[in-house]
Structures are given as C-alpha cells and as structure tokens.
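Two complexes come next, and they have one chain in common, subunit A, joined by subunit B in the first and subunit C in the second.
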Partner chain A sequence: MTAVGRSVATGAKLALLLALAALVLFPVALTLTNAFMSEREIAHHYGALDGADAKESEDPAAMPTERVTIRWVPEAATLGAFADVLFERPKFLTLFWNSVRLTAPIVLGQTAVGTLAAYAFAKLIFPGRDKLFFLYLLTMLMPFQVTLVPNYLVAEKLGMLHSYGAIVWPGVFAAFGVFLMRQFAAGIPDAYLEAARIDGAGYFRAFYYIVLPIVRPGMTALALLAFADNWNMVEQPLLFLTEPFRQPLSVYLSQIASGDRGVAFASSALYMTPMVLLFLYGEDRLVEGIGRSGIKG
Partner chain B sequence: MAPLRSPRLREAAAALTFLGPSLAGFLLFYLVPFGAVVYYSFVDAPIEGRFVGFGNYRTLWESGSFRKAFGNSIAFAGVGVPILFAVSLGLALLLSRAVPLRRTFRTAFLLPLVVPVASIALVWQALFHWDGAINGLLAKWGQSPVDWMNSRWSFAVMVLAYVWKNAGYNLILFLAGLANIPTELREAASIDGAGPWRRFRSITWPGLAPVSFFVVVMSIVASFKVFRETYMVAGSYPNDAIYTLQHFMNNSFQNLDYPKLTSAAVLLALVIGAAVYILFRAERHAREVSE
Partner chain C sequence: MRWAIGLFFGILLVLTFLSNTIQSLTLPKVAVEKPSLGSLDLSVTEDGYLQPAYSAPLAPLGSWKVDRVHVDKGDRVRKGDPLITFDTTTTERSLEDERTRYEQERIRLEQSEAQLKPLWREGGQDEAIDKLQKDLQVQKLDMEIARRKIADLEKLLRDGRVLRAPVDGVVTSLNVEEGANVGAGQSVGAIASDASGYQLVISASGDAADALRIGTEVTVEVNEADVPQEGDGAKIKFDGMGVRQLAGTISSIEAASGGSGGSGGSGGDAGSDAKQVTIDVDGTGLSPGLKASVYIPQESRGPGFKIPADALHSDDSGTYVFVVTTKEGPLGSSYYAEKAYVDAGEQNDDTVVVLNGLTPEERIVTDSSEPLSDGDRVRLD
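Right, the complex of A and B next:
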C-alpha cells in the first residue's frame, strides 16, 4: 500500500471508531450533562414521557415539548438537582447506602473465598478436583433464576428471608470468583512453589508469600467485576426484598417515578460515579482479568 | 489429631482447608439447591409434595406463556449472540493494530460493562418511548412514528442493549486472543503474497478458535441475563416479543407457581448445558483439525 493509501485507510478506520465510540458513550454522556439541568428544563425536555394529561403546565418554561428533545448542554447549568438529591431526599442516601451494604460484602467475600479456593484448584492435588471444578463451571453458566425456589427455601431455613443475607451469601460463593482466580493462580510456575517446599515452607506460608502476591492483580480484577455486576443488581432484590426502602438504588432508578424525573439524571450520575471512577483507576487490571478469563486453564 | 504422614494425604487436607469455605457455600447455595430443583420439578409442591412424574413438564409445555418465553429466549440468543460476536470481533480487529487513541477507544467500549443499567434507564426511555426522541426525529423527517417498545421492534431494541452492554468484555477477550497470535506468522504470509482476507481466514481465525469458543459461551450466558435491560425499560410484563424465560420464571416465582418454575429451570439448565457441550465438542474438533 502506498503511504497515501495507508493514511486514507487509517482515517477511515478512525472515523468509524469515533462514530461507534460516540454511539456507545451516548447514554452515559447524556446522563452526565443533563444531571446539571434545572428541574424545569428537565420537565420541558422530558415531560412528553408522562403522556397526554401531563402535558399541561402553568409554568411556560416547564411546558413539555410534544416529544422528548435531546439537549446536550443545559441552558443554565445548575447543581440544584444534586443538592436536591443529596440534601432534600433522604430516600436517595438510604437506598445508596443499601446498595453499598449489599455490594461491599459480596465483593470482599467473593474475592477472599475465590482466592483461597483458587489455590486449591490450581496448585494442590486432591481426589475429584477436576470433576468438582467442572460443577463450579456449570453453575457459573446458569442464570440465577434456575435455583430461585431452593435458594428461597434455604434463606427461609437460615432465617434470612427478606434480609440482605439472602442476597449476599449466594453472591459471596458465586462460582465466577473461583473461576477467575484459578485462571490467575494457574499461571504461577510450579517451580516457585517447589522451591518454597524445599525451603520448608508449608502450604499456608506458600500461599501467603508466593500465591497471594502473584494473584493480587487478579484480586483487583475480580473485585472490580464483582462490584460492577452487583452494583447493577436488579432481580435478586426485586424477588427477595419486599420493603421498598430496603431496595438498592439500582432497583429504584429502573422504576423511577415521573415525579422524581427532575432528579433522575443527577441520581443516576451519582450512582454510576463510584463505579466509573474505580474502573478508570483499575482499567488495566480489569482488562488483564478479562483477558485471563478467556485462556484455557 | 494424628499427624498426617502421607504427603498426598497432607496435600489433600491442605486443599480441603483452602477450599473449605468455598465448598461449603457452593454446596449450600448452588449444588444442593440445584439438586433440589430437579427433585421439585417432579413433585406438585416443594413442601409435602406428591410425586407427579413428568406432569409438571407436561403442564409447562402446554402453557402458552412458557412456549412464548422459551421461543423468545432461544430466538434472542440465536440473533443476539452472532451479532454480538461479529461486532466485538470487528472492534477487536480495528483496535488490534496501531491506531490513534487506541487506549481511549478501548476505555470507551469497555465502559458500558461498569455502568449500571438502571442509571441509563431514563435515557433509554427518552429515546424509545412513543413520544421519545427517535420518534421526534422520524416526525421531523416526515416519517410515521414507531412504537419501539410495544411492537416487534422491542426485540431489536433489546439486542441493541445487549450488544451495548457486552461488546466490551468480548472485545477484550478477542484482543487477548489476537495478541497471542505470533505476528511473524502474519508477516510471513504477507511476504508469501497472502491478502488481508486470506491472512484472516488462514491465520487469525484459526488462532482465535479457543477464545471464540469462550466468547460464544459467555455471550450465551449473558443473553440469558438480559432481563435487567428489559425490566428497566418495560417492567415485568413487556411486549410479547421480549417476554423471556427470565420474566416467565420471575413471574412464576411471584405467583408461587413453583412446579412451573422448577421444571422451567431444569429445562433451561439442560438447554444451556447442551449448548455448552456442543460448543466444547466443536472447539475440540476444530483444534484437532488444525493440529
């Protein structure tokens, strides 16, 4: 290819990528900029969603357009919606805290349990190991509805029905954590562990001084993936938690009432921010973790 | 406790210690429940039920809403997985070689993985609602509006949401797979006069076989989890075209229809198991052919 041909090809490729990236980022970017709109402006642009009877308003500036209009830049940027969410609506902070209380124990527990089990599956020999791991893999592939009834009964037996335990415990023991950590642990050269053994280190010292430092990037990757997955949970709380004020924010946001529309973008922006920041901070680890998940171990 | 003399026994004991917490939870929350589901699917009630043989399965199969949900889930996987596969592979090929802003693009395509679906629910509604922005655009161009969420179109909208959410994960898998293909192979083929299409078919594609297998498995799994996306825009009883097995199962659960739910769960597990088994065989076959 000539130099000109090559730069034309690169230009075309770049244009295509830019268009696709714009498409992918569209919903996130729109949420972020519209979070700075005033309640009136939101009512004006999005009021059409409420149907015909809501299309009347005494305030002409808040009068809804006939159909939703997408505006990227607020007419007058304001922090009003954020202030409203954070200081005027205790519900938001309550539900946000619910999300934290559901997600944090799952992330920590799944990472710890997964790392311990991964050492056994990847580097120790015991009868039935591969068959057992295969069972783990199979459950990993099943949607959560498959074991809904027994999980409900187990939760009832353990006295944690309608409590967070019914969601947190199955999350802690989800097979994905074991699977991903095993992919990382499998990459540890046997010679390292052999050398430790010759030096007289037992299994626990070997785990602590050799396995743990090497799989630490994997732990970060798993923690991020588990965070993303559970911060996004909808089905489990919907089915296991009956009281509205015990729901995580993810459920509330997906059924946000029209009366709360003025703050919906601000709440959504606040809700995605911790996850997005963690992602930007740990992206390389996450990418490594996903890449490892596809390698045959 | 007597000291464990045999090193093999000692290793197994150590393994059990490390595995212990996971195994206990796995048994209690996954394996035993799964066994229980199979058992429940053959009785008429989870507690003090009578054995009814395949009676539940027969009732299930006769239920119109199950057939619809089952058909929709299979159709969704059948349409969504190939599209997702093609899009992710296309992105990976675009990003596999030097291109400006490569890292930024990767970040952009990966971002939906970490954005909670619920937090973009409103944007989704604002776009696809009857009075939404897309219909606004159509009206401006003199076209008649489309009822995106309450017609067959909802299926396409769900596929879009599914691709949006999952393309990033697969993109990373493909990029990792591409990085494992030695560049010398491609260069050598290039020197031997192989064009881009020939290089893709003879080197890149076979080299990606193991990753492709994993991508397809994970995409099928994700296609059965698309409930979140549907729920956020359409609630518990969406349009017929996107009423999936997850809806059916959630609704059966809320109606306390356990016989239907458990037999549907077993069928779903069998379908996923069979799909993975077939893919596994195909992948092994492909590997043996190439070796």
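Right, the complex of A and C next:
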C-alpha cells in the first residue's frame, strides 16, 4: 500500500470515527446547551411535540413552530431552568439523594464483594470452583426481565419489598463485578502469590499485599461501571419501590417526555454531572492502572 | 477533579438543607377551600328596643310656673289623668284685670247713653246725635272684645291649670320639675300612645337588607323580664313571663340616616348601604324601651357556590377568585394561582354566592401570604 493509500485509509477511518462520535455526543451536547434556554424558547422550539392540543399562547415568541427545531445556541442564555430545579423543586434534591443512597452502597459493596470473590475464583483452589463460577456467570447472562419475578418473590420472602434493601443487596452481589474482577485477578502471575506463601503470608495477607494493589485499577473500572449502571437504573425502583418520593432520579428522567422541558433539560444536565465528574476523576487511574496491571511481558 | 466532585455534592447538600427555607421565601403560601353548593343564609337577627309608633307631645297652654307634677316618667296613664298642675296666679290676675276693664267700659257706656237722651228730647243737632251714637257703637265693640278676652282667660284657666293625659299610654319623657317656669307651647314631655302600637327599628345591610320586603310577617321576641332601658328600677316585672313571642310586620325600609350603623355590628363595607327597617309589633301591655329581638329567616334566591367573601376580588374586567390549578410533573405537582372570573350573587357578612364560573372541584384561594397575580406559582398550605 502506498503512502497516499495509507493516508486516505486513515482519513476515512477518522471520518467514520468522528461521525460515530458526533452521533453519540449529539444528545448529550443538545441537553447541555438547551438547559441554558429560557422556558419560552424551549416552548417555541419543542411545542410541536405537544401536538394539536398544544396550548395557544398569547406570547408570539412562545408560539410553537410547526415542527421541532433544534437549536444549539440559546437566544438568551439563562440559568433560570437550573434555578427552578434547584431552588423551587425540592423534590429534585430528594430524588437526587435517593439515587445517591441507592448507588453508593451498591458501588462500594459490589467492588468489595467482587474483589474478594475474584481472588477466590481466580487464585484459590477448591473443589467445584469452576462449576460454581459458571453458575454465577449464568445469572449475569440472563437479562433482568427473566429474573424479575423470582427477585420479587425472594424480596417479599425476605421482607425487603418497598425498601432499598431489595435493590441494594442484589446489586452488591451482582455477578458482573465478580466476573470483571476475576479477569483482572486471573492476570496476576501465580508466582507472586507462591512467593508470598513461601515467605509465610496467609490468604488474607497475600490478598491484601499482593492482589489488592494489582487489581486496584480494575476496582476503579468496576466502580465506575457499577456507578454508571446503577445511577441509571429504572426497572428495579419501579418494581420494588412504590412510593414516588423514594424513587431515584433516573425514574424521573425516564418520565421526562411529560412536564416542563426546560426543567427536564436542566435536571438531565445536573443528573449527568456526577457521572461525568467521576469518570474524569477515574480516567487517569484507569488508563494508567491497566498499563501496569502486573503483567509486564 | 476530586474537588469538583466534592463541590458538586457539597452544593447539592447545602441546597437540600435550605430547600424548605428557599421554598418559603420564593413562593407565596395559600390556603384553599372547595366551594360548597347551596343557598346563602341571609337571615337577619337584630336586637332593639320597642318604641311607640306615636308619642303625644305634652305642652302647657300658658306660661306658668309648675305647681305640682303628678306622674313620673314611665308611669302608665289613662286619658284624662292629671299630669301637671300649674300655678296660674298670673293668668287669674289678668282675668281680674280684664273683668275690671269690662266693668269700666260698661260704666262708660251708661254715661254715653245718659248724654244721648237729652239730645233726643231737645231735637235738632243731628250731627251731635250722630257722633254720640257712633261712639256708643265703638264702646259696645270694645266691650265685646273685653268679654271675649275674659272668656278666653276663663277657658285657659279651666283647661290649662291641670295638664291631662291626651291618650292612654306611658309617660316616656317628662322634663319639668316643680317650681320651674314653662312657656306656652313649650314641650314638657311626651306620652307613648298605646293605641298607636309599638315599633321595633333595626338596621340591616347588604343583600340581607335587600331581600327584606315590606309586609313580611316576622316574629318578635320581647323580653319582658328585662329592665326597660328608659324605665326606673321599680318597674322590673317579676311575673316570670320572661320572653314573649309576638307577631310583627315589616312596615317600612328606608336608607339609614348617616352614621347610625347597625347595632348588630355587621361592620365592614356593608355599612355604606345600611337600611333602617321598621317592624310594627302587635301586642298589648307593651311599654317603650322593652328589649326585643327579631329573627327573619331568609335565603338567597338562586343556589350557587358559597365561598368566603374575602376570596372574592374585583378588577376592571369584573369579579374574580383565584383558583389553584395543578400541573403534574415527574418532580411532583406544582400549583399555580389563576384568576377565574365569576358572577357573584348575594352576599352576607362572610359568605358570597357565586352563580357562574366555578365547578365544585375547584380550589378557591381563601388566604395568601402575599398578594397574588394571575399565574403565580404558589405553595399549598
């Protein structure tokens, strides 16, 4: 392949990737920019979604256009929608803390359980280990909808229905964490552990001093993935929590089609903020950690 | 990046802590009520004191000194009973003077007649006879005047020495005492006439007053055990009759003279169109000043939604109330106060009937922490 051919191929790849990136980033960027629009402008651009029964407004600027128009730049940027969400709707804050109260224990628990289980499944030798791991993996392969009814029945038997426990405990013991961490732990050369064993370290000492430092980037990755997964959960709260004031923010965002759109944009922007911040925070460690995951040739 | 995460969660934590405070600072708090369907109670309950329909004035016929007063205020008298005896010495003196003057005129006439007789006998001198005859006529006329004057004085003494009750009734006022000088025609008191009946005058206002009709039969309760307001203590009746129910009829409804106000304390803006309602009370043995109360049950004509009168406002376009509309959203319901123009019907002190413009499910703003305008977001109490 000539140099020209190579650069054309590179250019084509770049163009394809840029197009895909644009496709993925489009809704995020739209949400962020529209969150700074005034309620009037939002009504003007998106009023067509309300259909024929849209309320006739006396304000010509707020009259909906015939079709939804997408605008990137607000006519007059305002923080009004944010103020509305943060100051005038205490329920947003309630739901936000509900999300935190559901997600934080799952992330912490799943990381801890996953790391410990991965150590056992990857590095300890006991009868039926691989069969047990396979069984564990089966639950991960099944979609949530399949285990929905048994989950519900078990939660009822355990008296955890309508409480956060019904969501937090299955999350803590989710198979995905174990699976991911096992992949990391499996990469640790057995020689490291044997060396520790020879030096007189027990299982826990070996885990603490050898395994834990090596899988720490994996834990960060798991924590981030678990956070993203559970911060966005919708089905479990809808199923297990009946009281609206105990629902997490994600449930509210799933109902965003109705209600004030300006408020919806602003609360979506606020909703994704912790996830973006955590990712930016964990990114360096993630990349760096994977780079030196103990398997150096 | 760690500080950014901390800042984000920190801000949300502070906002959560302050959320109730911010709510109460930014949104007006309103109290709401659902209207109830029905007719408005426009009943009138008022107290008052019985007054005679007609009071006969008492006035002396002459300017005399009061010799004796026979009755007290509040006494029940029959027609012809003596009330006041006057010292009529002055009038008697002038009567004597008139009589003496009459006697003088008579003697003068006799003398003139005696002068005329010789002239007739002698004959002639027609002019002198004529003159004398005319003089005689003048003297006779003078005597006529004097005689009438005497008759008048005699009648005055006969009729006026003792002031008698002109009607059956109760002495309602008596403003002389023994030894006082009174002028002719000066009012010295009044007697409430039994025959004329008694009246109760109450004040009513607003639509309750408008609904009253002349000729309506009402029931008046008279508390006979009560101390008559203007009577003296000795008149308390201990006959155990207590409250007596009497029939009454509304006889007149007039605009109240300024400043009279309602004794019932209806107060408020209704005072401007206060009306004075007179009720004729049928009954015997009543006396002025008895405390009476009247209850006139009546309802508004058309049924409608009853709402508190405070909730009704008005502007250039008419009368309106604020109704709370709910906008359901995933972040909970938000409430907005919106103007609803209504047709207001009758009104009593605290309630008004709305004939048009409301549905039973609507929540009417009855009170708000701040003045509202159309479309304001509010907090429900």
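Keep in mind that, in the parts below, the second predicted complex is superposed on the first by the 265 of 297 C-alpha atoms of A that agree within 3 Å, B and C clash if a C-alpha of one lies under 4 Å from a C-alpha of the other, contacts with A are read in each partner's own complex, and residues count from 1 in each chain.
Here is the rule we go by: a residue touches a chain if its C-beta (ideal position, glycine included) is under 8 Å from a C-beta of that chain, and two chains touch if they have at least 3 such contacts.
Treat the numbers as computed from the prediction; the structure is a model and nothing was measured.
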item	value
Clash or fit (per the criteria above) of subunit B with subunit C on subunit A	fit
Which superposed partner A:Ala195 touches (first subunit B, second subunit C, both, neither)	neither
Arrangement angle, subunit B at one end, subunit C at the other, subunit A at the vertex (C-alpha, nearest 10°)	120
First, second, both or neither for A:Leu280, with subunit B first and subunit C second	both
Most subunit A residues touched (candidates subunit B, subunit C)	B
Which superposed partner A:Ala76 touches (first subunit B, second subunit C, both, neither)	neither
Which superposed partner A:Asp260 touches (first subunit B, second subunit C, both, neither)	second
Least Cα gap, in Å, left between subunit B and subunit C after the two complexes are fitted on chain A	12
Common interface positions of subunit A, toward subunit B and toward subunit C	251-253, 255-256, 267, 278, 280
Residues of subunit A touching subunit B in the complex	10, 13-14, 16-17, 20-21, 24-28, 30-31, 46, 48-49, 51, 66-70, 113-114, 116-117, 119-121, 124-127, 129, 132, 135-136, 138-143, 145-154, 169-170, 172-173, 175, 178, 202-204, 207, 224, 228, 231-232, 234-235, 238-239, 249-256, 261, 264-265, 267-269, 271-272, 275-276, 278-280, 283, 286-287, 290-296
Residue numbers on subunit B that touch subunit A, as the complex places them	8, 11-12, 14-19, 21-23, 25-26, 28-34, 36-37, 40, 46, 91, 94-95, 99-101, 104-127, 129, 131-133, 135-136, 139, 164, 167, 169, 172-173, 175-177, 210-211, 214-215, 217, 220-221, 224-225, 227-228, 231-232, 235, 245-246, 249-250, 253-254, 258, 261-262, 265, 268-269, 272-273, 276
Touching residues (chain side subunit C, partner subunit A) in the complex	1-2, 4-5, 8-9, 12, 15-16, 19-20, 22-23, 26-27, 327-332, 334, 377
Residues of subunit A defined as touching subunit C within the complex	85-97, 100, 244, 251-253, 255-256, 258-260, 263, 267, 273-274, 277-278, 280-281
